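Common to both upcoming complexes is chain A, partnered first by chain B, then by chain C.
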Partner chain A sequence: MQLKDKQLGKRLALATTALLGAHGQAQAADGDWLVSSALLYYSESDDRVEAVEPVLNLRREYEDGSALNLRVVYDSLTGSSPNGAAIANVPQTFTSASAADRLADASAEELAEYGSRGSYTVAAGELPLDPSFEDSRGVLSAGWTQPLSNNYTLNVGGSYSSEGDFTSMSANAAIAKDLNNKNTTLSLGVNLEFDSIEPNGGIPVALSTYADHTTAGSDDTKQVVDMMFGVTQVLNRRWITQLNLGFSQSSGYQSDPYKILTVVDNGNLITDPNNPDSYLYLYENRPEDRQKLSLYWQNKVAIGSEDAVDIGYRYMTDDWGVNSHTLDLTYHWQPLEHFYLEPHLRYYTQTAADFYEPFLNAGDEVDISGSTVTALVAEASSDPRLAAFSANTYGLKAGFPLAQDEEISIRLEYYQQQDDNSTKAVAAGSNLDGMPQFTELEASWIQVGYTFRW
Partner chain B sequence: MEFQLQLTQLDGFCRVNYPAMACLCELLIDTTDAALALHLGQQAQAETRRIEQKFSRYRDDNIIARINQADGQPLTLDEETAGLIDFATELWDASEGRFDITSGLLRHAWHFDGSDQLPAEADVEALLPRIGWDKVRWQRPELQLPAGMEIDLGGIGKEYAVDKVFALLQAEFDGALLVNFGGDLRAHGPRRDGSAWQVGVEKVSRGQTLELLELSHGALATSGDSQRYLQRNGIRYSHILDPRSGWPVAEAPHAVTVVAPTCIQAGVFSTLALMMGAEAEEFLDQQDVQYWSVR
Partner chain C sequence: MIRLITRSLLVLLTLAGISACAGVKPWERDLLAKPQMELDSDPLQTAFDEHIYFSKEASSGGRGFGGGGCGCN
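Entry: the complex of A and B
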């Protein structure tokens, strides 16, 4: 009988290097970079967002065990994004305040280019999408790992990200301690993030009317503090398990300045009392504080000589009423030395935020007295990311390890949402009757990666 | 009186011999500087003796003795010993249990003296509960052997010593050299005159001539059963025992010699090949290594 494991020679070579050191063996010299590069193309169904994202990760390890990690990401997003208004059985015309603001001092050429986007009309039965969604984002992050005495390891890092109307800066630090002959690792980390937003057209007043576009200043900020406690335990030669507990507190401006809600009267669109050309929409508003608690449990189990399974579960709960469960399963199947496949399955489900509303009702949620429109709810948002839904992700990655530290990979993922919201009642025969209140998102992405030493 | 160390000046290079590890150790050093050769030879000899004393099963004052006499108590191992145990563990796993440093106990049942005295099956059976790396708790650097079990690093010890001595010499001498411990050897070349070291591959079986091989880089190790076997009713029982059954591997080649980058790799390949019995050559073909087998 032969060995089932055809990789004996490779394992023997590695074990020999571990035993004898690197005499005469090819090994990365101190001081060269491990470069991981990837290009991601993301596409949502129905002409929604498309994104192209190149990623470059550089890692350099030093003899004392310390390491420097640099990461550059650039996103280029184009397409249309839901503006938050409900689907109705009549056409709806929106005059984008952000576009109007951009056009105020635009040149003739720009006007020709953007003119059609200053206002846009959505056909009856169609999801209102703002076509002026076009943005690019750059992220630069750096991290340093430093082994200390007594089996402590320190990680410090920082990140800066910028896009047209949004800037984010963060700093993080974590300390880890290996115990029990490195079979147990305890870690404690903290991340501080400071965001500032300067929307096109300023910060809209919470729950004010879309057509008026009253602003409360031109910019606002948000601060986030994350804390993480983790335990990693080697259970045996084949099984490693990790448990993380996270707490996050964010405060400041959390709303989406471009998102609006439709106001209806018994399911019928209402003409804005101050703007006869527009139906009545209100800018959304979210609470200024959010606290999240999350629990993450991950298991990696080696199967046979080359295969491995990775099973993760995450539970997240917050004081906005969003509770989510994620189950993630990846199998690493390596039939050949230079080829592996990784099927990936993910199931996600969440409850809706307490203030999620697909639209607002005149009367009990919005009071309209003459030309005065007053929201009777303190917060409301129709952002589908705050709705109740579940989602399945199916993925497959093919990897071609060419040599140690050199690999080409390609990954395909497909994502499909399912609506889990209860339908908000509308009158029979009204504008919203029979219209979907939540549009299930479908997206797919492809990523090509190349890792090498430089 | 046994000799300790012999330095011979040859045509363009030096040879150092010293007895250790139950064989005559030989170093070939591509230098005409006898003082340098002597200095290197003495260092090599000291390192060889250190390894032999530390890991020999035949002593009662070393780490192997302490492990084997721990009587079920956990022991904390030093870095070097832990490295060897890690290596043995990986090999045990990669070989699906064929390579097992706890299999030495089988010598209590098997005496390969060329006679026809096979052990009673019950005697072999009785040993099996005390054999098997899966029964050992190893969490580096802590080793806990169940009481009654023993380990023996003899299966990799000599090859390990060749690689360690080779590394030691190479750190001080950047010319061509060859370390040969009774046929398990490692070379670095080529020599200053451009030639490779001439290595004799010992044909273990009867009446075969020595094959000369030119080796300028790499290592070579031989496993075989020429002197150690039992013969009964026409069946030859090799001393290659399968630790999973406690019985000899059937139809193993008499000897296998393998070329690999390091001596320990060559030794593992040749040992495992013998354990593959009739399929030894097929196994070696799959591993894509250069080898000679004698049947």
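Entry: the complex of A and C
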């Protein structure tokens, strides 16, 4: 019934526009929802993280130029994540606080099936991965675009995201001004984000021992303020360029509560003085404040009548010591009206954060006096995301535009990191001697999408 | 960092300045109006990629507001 009404409505609208002499096709689409849907499957090599992520985006544009945008994302993650400990030439056993906490209330059946996840052993020469990584995330976001007088446009929006141990809320507003016959657009935006984290097993005390798992409360928070200033400029009939300057300030709990660091004595693992069953590992600690500055420059150039080149470059620097360059290149090749191909290349390189350490040395970085273990560094993390590396992405997308605002697409991307860290010295013949200190991540993802008017 | 902000603002202002003499007439927008010429021609794809890179690299944002909404452990 609803469908019939809708079709009748469309016919009436068409008849009305015909009577008024308006352009029927343009008017028929007015008021409809533009539905964009996509499904992503992401997979890392060596049985690491696997994710399935469906997303649905609804957009409705109104006659006065205003628009409503709604988005729902669901994210399901499984697999293993590096726990931060160093690769050694001996087996290492870890008792996962997060898994142990989850298993505390488990039934006998669940224990039989998942009990091994509470404690896991990593073979000699293998990267220590926590196998209990499992999470799902849901995101809801909404945005409203409102044209104002004097060529100003206002955008406001908000987003809510929730996963097992993490909740994030954000609100944003941006104002844009069109100048010079709409050939220039200046924009200024601000985004406020409030995050709260409630890790399984609580918030570990910074740089405290893994086996003790002393906690400092059950949850913590982080706030982020982002500001962005942008200029978009049409240079000629074929070339449009955009330059953004972004500033970000985050403060609060920024550590990863599940990540640890190995403590070694001349490259050899040490038995935890308080827990003879475990080697000595410390929970990581990151600074509470971070300021980031980014410069982004994008160019779109039309080639011939249907092709286009997209070249983007981003420079980012922060006060953690990370500097990065990103170069992104996509070519839109459209040999047919209903078919195009987009080869994609991305190059990324970053320096390590000042406090990135693949492991800590007893003596100058960690003091061990009897059974007392004291970190002599204020901050330390072995998170590979904070290490020095470069990465290449190769992608290919095939698109089938079926009609105006209707398209099917499929895309495949392949990502490979390369280690750029200088090796931290270890004694010859020790447990860490000859072991990789950074593991190069390899991942690929496939995305299918369908966009249509409804 | 202050110097970088100043320099970036200078670049932006210069670009805004030269823009007064650049651009096209409305009837010359035939190519710019094509979907493949939109600055973000596939927002869902952009969001997926930004989320992936945010969870594997230390950088985020630039194009829009970066990262967020993810513990990414």
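Here are some notes:
One rule holds in what follows: the second predicted complex is superposed on the first by the 427 of 454 C-alpha atoms of A that agree within 3 Å, B and C clash if a C-alpha of one lies under 4 Å from a C-alpha of the other, contacts with A are read in each partner's own complex, and residues count from 1 in each chain.
Heads up, the rule we're going with is that contacts are C-beta pairs under 8 Å (C-beta built on N, C-alpha and C of every residue); 3 or more make two chains touch, one makes a residue touch a chain.
Since this is a predicted model, take the numbers as computed values, not measurements.
Using the contact criterion defined above for the overlaid structures, shared-chain residue A:L148 touches neither chain B nor chain C, since it reaches no partner.
In the superposed model, A:L327 lies in contact with neither chain B nor chain C. In the superposition on chain A, no contact is made by A:V225 with either chain B or chain C. In the overlay built on the shared chain, the residue A:E53 is in contact with chain C alone; chain B does not reach it. Shared-chain residue A:A171: touches no atom of chain B or chain C.
By the touch criterion stated above, A:A216 is placed in contact with neither chain B nor chain C. Counting the residues of chain A touched by each of chain B and chain C gives the higher count for C. In the superposed model, A:V448 makes contact with neither chain B nor chain C. By the touch criterion stated above, A:L402 is placed in contact with neither chain B nor chain C.
In the superposition on chain A, the residues of chain A contacting both chain B and chain C are 181, 183, 237, 305. The touching residues of chain C, counted against chain A in their complex, run 1, 4-5, 8-9, 11-12, 15-16, 19-20, 22-26, 28-32, 34-39, 41-45, 47-49, 52-53, 55-59, 61-66, 68-71, 73. Contacts from chain A toward chain C in the complex involve residues 36, 38, 40, 42, 53, 55, 57, 73, 81, 133, 135, 137, 139, 159, 161, 163, 165-166, 168, 170, 172, 179-184, 186, 189, 191, 193, 195, 197, 224, 226, 228-229, 231-238, 240-248, 256-259, 291-296, 298, 300, 302, 305-308, 310, 312, 314, 316-320, 322, 324, 326, 332, 334, 340, 348, 350, 353, 385-386, 391, 397, 401, 409, 411, 413, 415, 417, 441, 443, 445, 447, 449. Contact residues on chain B toward chain A in their complex (touch as defined above): 83-84, 86-87, 90-91, 93-96, 139-142, 160, 163-164, 166-167, 170, 261-262, 264-265, 268-269, 272, 276, 279, 282-283, 286-289. Against chain B, the residues of chain A that register as touching in their complex are 1-9, 11-16, 18-21, 23-25, 181, 183, 237, 305.
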